[in-house]
């Protein structure tokens, strides 16, 4: 059971604590990005996970490789070359002040890569699962073309393909996103989205929902899932359900729909340490659950518990063991000291 | 539209995080003080704001100047000389443990300054607004005399004068405060106070209020505002309304009364990062709103939203843009990531 | 009034903030351990408190001595020798993720000490109170024997003896704990326990309680206290009552039973900074109250307020003054800034 | 006396201490760049100095503005717009290991700026001096064109123009540098270079010098200066003379030639804290000396002493007062504590 | 070409900068140990290097694994189990104050491991080289037995075996070291030692040397090497030559003798950042040179240049590329900035 | 053998590393002062040492007490009261840039103390030695009077009195220093001075010396010592001899003269970590040597070796053991790692 994820890994530069950007005298430096985050989660669960991207040969690129290796991800398929590593600056919000992201990712090695950089047949040999997100095709037309090539190769090799829609308004328009993602969906088996993505990318809206106010209607989301499945013929669609009361306090849960049934997870009241990567950790949990053959409800609870824990961990990556996730999914949420 | 604020800027020394003083191996070093905080807020809103004080020529004094320049305050009117920069040590509270301030500000350059140090006619030329707080006259008899000279000059030059009562029990007695502040109020157009100041300085009490317990009666505060306006003939009086549940969690709002009407703002449940300077950021918001000619309710909401955000920012200074304030005032308090 | 506490003081290594162990590039280094924590609390309250243990002569051992001296504990009775200082690694939990402790304390100087290392008659000369916890006899058979020697000497010298049961599952089995602690209880006057200890050590269970779920029945705990008093003839038994909603938010209170009466404290909703040492700070508060001759209810409130404040302080040690504790016990929990 | 400098200011990201890039868990964040460094030096000497560039409106761009304002530089001429702030990563070398710079400055706002962004007639009104370096025209063809426009405007307005050749091999080839810089030199009055620049840019070589080995021949450098003056008709040429024994220890001095005479400065054995910006601080010293009308030898010694001190200061900027520089230039190099 | 190294990897806890142990409020946490250091160096040179040891399953053990993976070492052969990770505390010396190491490594997982934990035939399959040091057999009798088993298996599989004598006086006596190491030497092809090891372990002394005073006689070391080769029939013996002027400044070089010839390297005057691991980086350089088939003198210069650079890098590990090493070995030691 | 030292202990605020004041975002916070430094050194050597001063009751005052207790100094004689703790800001110099001290010590509790605060008969009961420096009488007229009272009491109780002249130009004039110190010298047995003090305080000058240039003539200093002894009838005079090449590199040695003989110590070339407190650590070494009855040359070498090591330690305090000092005094200055 080998999982391939493909996308961009960025240098993440975040001021310490709740410092605003203009107060920062230094930046904590870690690495992260949607698909890389999924690979790290899976490696932490004991899955053979490889991340595919393109990274410059210099030390900032090497730092990204090392960070993945450190947490057990296979980096042997990463192509080395190009000019720069994408960067994102992250300012952590508090209470009524939202977190803020400044992207400096244009012209990165992966955004400037060409189709010829990747030999997908070789990459997918021996693999069972391919995962990407809607961020990667948004990086550049080249990146979108590479995604398409990867999807086709994955389909032809018989891999399960999952995609997290992950709409990013500052990377492309809804219109372009709809077109590009629409054609990629043909090759996708399992679709993951947050409560806004389906609308942003495909114009599919949950009736009765108002994301900003934190109101979420279960029936509305069932509609959305049903519409997605109907349009793209997905085997499963999962939607994460976040109710945002403040930058510190959110409710977190998710829904999973197969064609026939919809499952809703327990809902966690989370006091947030770092919510970036929350969706990615959910996706990884779902992939893990599928690979382990967990029943739908159990798998969904695993994924939600894993991503609940992500919110308590600094950085993009989710450092939790399957033991920790299972304990929480089993109901132990009291936070008592483990000695 | 140029605003002059006058007072003391101190070196603020605060242990990191929730460390108590006796655990501190280092102190974060920033600068702050009531009127300086107002100037920084205004500069951040795009207003031409100058801060007047006296500071030693050495590097600790220069650090205060640089800190103001960094955030866009005009420091060209600052008088250089004197022996020391006032210091305050700040220990951040948590839960049931209150924050603690140790003042080491006696003998500072501004407390020891003389009237001859300041040429108020020159200072106020080309200015529209003068702001000071009740801390400055409390520093020393000299400082009180300088305040009086400034108020008279401001009045004669036709500036609007605002004052934040800001009673500090460790700087003077209620009796002395009442006398000195009473005579200064003659020159004040707009009076700002927190829920305790009116009583501490002038013996005016909100009936039915118990500040420590966090109970606040709207009608009681209307009484207080009416009494202030009546006694000192203010054009407006604003009172900030804090309900303190713990060192981490407060409710925050405010009231604004003109002679005729009283307006109450929305109330925010704030999870606190740093509440020092909260009142100053409210005052700055109020001044900004007045300079922009906002209607009273809108101006009050702007000021409260600005100061709500201050509670999420480390240090005395409020680093927020008018965009951020207006978004919050418009109701977007969900704290969702801004990408 | 001189208090002797005996046990192990460890080097505590904790990643900064909410960093997980595998993210840690450095560890904050402090010292702590149940009985040392009690001694530091008492010294901070102005009591003559001495801590007895064995520590290596090298600098890591000296660091432990210095840390105790810094906060006013008499270290002149500490025996120097042995190979290593026990270590515990502490990862701070958040929200649904529990705090985690990794012990590396086997083979420490005190675990490997011999009875001959301590001359209890000399130690107890001029002392009024002896305190230890259930951790110390769990360290090794030697340590248990030293405890027994200390208890006998304390009894024969007429000291009051208090013990905090403090069961640690990774140091010994319930069966062994029951046997060893059972024979030590003969010499104990005042027994302190948390809501789980009585069951873990002696199989005494509160009916209707479910610790993990945070449900606590007052009557159930009265039963437990009565059973403990009956079996071991204690003068008093105190039980701390923690309701754990998450790693960040707990309710905290306690109960004190003499043979005749049971007292329940106020309950505090605590937003946690560091909960390690919470029980120890309660024990210290109780000892202080007894030494001062406070009435039972007042003493209990003092102990609970002291330990409530401990939860807001980083490290094992509780740095609070009797003034601060008394203010909180008197009802001032609003966390307003003290200037 | 007002000095305008024009160029790029970058975000400088440097691991702490001697950490290599791949060890870095955080980066110290300051700002710097050749011409910005000169402006900061001059502002610190009390000169009215303005820096011209283009910077994005977001907070990383604002941080650059704030950093300049903090140290007294006039930032009112900076154009706001564009996508990104150039970045350079700096790894500090030690002993035989050289410092290492990774540039991530392509596509910065200033590199992508257009001629229409700058109104040089307005910029130069009221100014006496214009300074730029060879880095700016190397950024892009656009930037080179803007430089040319600035030079022409400066000449026509009668400003003195100084240029530091500052060849950067990773920005352009020697050939292109020679062409572009050659045509700009027509407008330059004072040329500053290090011991390699004249050769790298114009193929002019000091006979008998071997830079890498640290051997420098005085006569050889006189030849170089004479050749530069002859070819470009400079009023003065200054060459900094660095002998590099290791990343920690350098000798530092300089030579100044007018058409008629050459002056050599004292030579300092420097134990390095941070040598980036050393050349810029020399240039600033030279400009200051010229503006003050110092005799050539005295001015050269001032510039060398200023830049000697720069090597002891972290960051690109040189934080020294004219007093400190003059004391060192006067011979007090013993480093005794100043109380 | 696959290299196997075997030994202990410890948690290294070092106060920041030049802080003494008793001043430390935190410890920088990295991992290191003789043979692990060699593996990291080799992986950094692009060699397939695997490190064999035993480490507990908990997070401190996992941290050691992650640290090795991060830098490219194959950790798949590491046995997981046992109680604790060995620790060493390191205080960095300065000037006349020496660095100080406190070992807390007794009872570590590898010291307590058994022969059955390692299947050397499997480990060595596909490998070309085996490296260990004199520290490993010093850990415990078990560890010595495992070393012997490894040596025998390596010999029978035809691997080249190298050993760094690395005498540690606090782990065993010279007598025991002599016996145990003597019997292991039978299987060793290449012996590496510092200027004291040959005497400490085997009583072989360089005539005319006085290590403490920094005096080293070339002829004396030739004698030592000849004696070692004669007694144990080594193919090569290499001796590192350190002249210690202070904790900051050392000369560093080495000698390599085959049976027939002795080669001496260039000597570097090193300004030290961190000298721990200096010998290991030399050993790795020598192994790399041998695997690449470099001539003796060139290989020796490579190894010495690599280890010279190690002295400029914090931590046990040597983060240098073959490019960097070769540049230095080629004579570029000026430490000029690489842009 | 109990030693009493009397003077001021200040809060020392120093930017990290080589940061200049105006770059500092935080200050490392330790405590120090001439006589406190001597007490800490002596306690570290195992001597019963008590420090006498006056300190405010607040936490900054308590921090000073705790810092002394931590390192074994008896603080039971410290008087609590007064307003503020003296502060000094310290910027560490490098190479040609000198270290810089900004004093903010006026109005401190000890400067404002009265004679009635100290009961010297009680203080000196059971003591053998009294030490103070020329800084204390310079603080204020009150402080000078307290010094005189202490000296008289010490003489009448038969204690040995030592004084370090320690002239501070920013605290008083040479003239006032000469008068006040002159009358105190009547009670002093052992006089310690640096190479400038004798001239600054008493106008006694070494012929042929030029301190700034680093030139020191042995014969000149003998003259100075002889003149001091003759004028004040000292039993011994010791003069520290510093040759300052840069802020990083000094030579350090000392001379000791009895009436009859002069002894010169070995001279150390020191690479400086922190030179503040160097003279104090020398004084402590001399007192220790006298208390132990060491011969003059041996005692002088002990004191110089102790203070040589001080230069390698951050902060005012000298953390060295007698073992470490003796090893260095015996000639082991190679700085080799101690494992």
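Letters A, B, C, D, E and F mark the chains in the order given here, with residues in each chain numbered from 1 onward.
Note that in this section a contact is a pair of C-beta atoms (placed from the backbone, for glycine too) under 8 Å apart; a residue touches a chain by one contact, two chains touch by 3 or more.
Fair warning: this is a prediction, and the values are worked out from it, not measured in the lab.
The interface with the greater count of contacting C-beta pairs, when B-D is set against A-C, is A-C. For the pair chain D and chain E, the fraction of shared interface numbers is less than half, so the two copies use mostly different residues to meet. With centres defined as mean CA coordinates, chain F is found 44 Å away from chain D. Rounded to a whole number, the gap between the C-alpha centres of chain C and chain D is 62 angstrom. In chain F, the residues that reach two or more other chains under the touch definition are 17, 20, 22, 25, 66, 71, 100. Taken as a graph of touching chains, this assembly fits none of the simple shapes: it is neither a line, a ring, a star nor a complete graph.
Contact between chains, as defined at the top, is found for A-B, A-C, A-D, A-E, B-C, B-D, B-F, C-E, C-F, D-E, D-F, E-F.
On chain E, the positions that touch chain C within their shared complex are 13, 16, 20-22, 24-30, 58-60, 62-63, 66, 83-85, 87, 89, 91, 100, 102, 104, 106-107. Only residues 17, 71, 268-273, 305, 308-309, 311-315, 319-320, 324, 328, 332-339 of chain A touch chain C when the two sit together in their complex. Remark: chain F residues 17-20, 22-23, 93-101, 103, 168-170, 212-214, 244-249, 275-276 touch chain D in the complex.
For chain D in complex with chain B, the touching residues are 66-67, 69-72.
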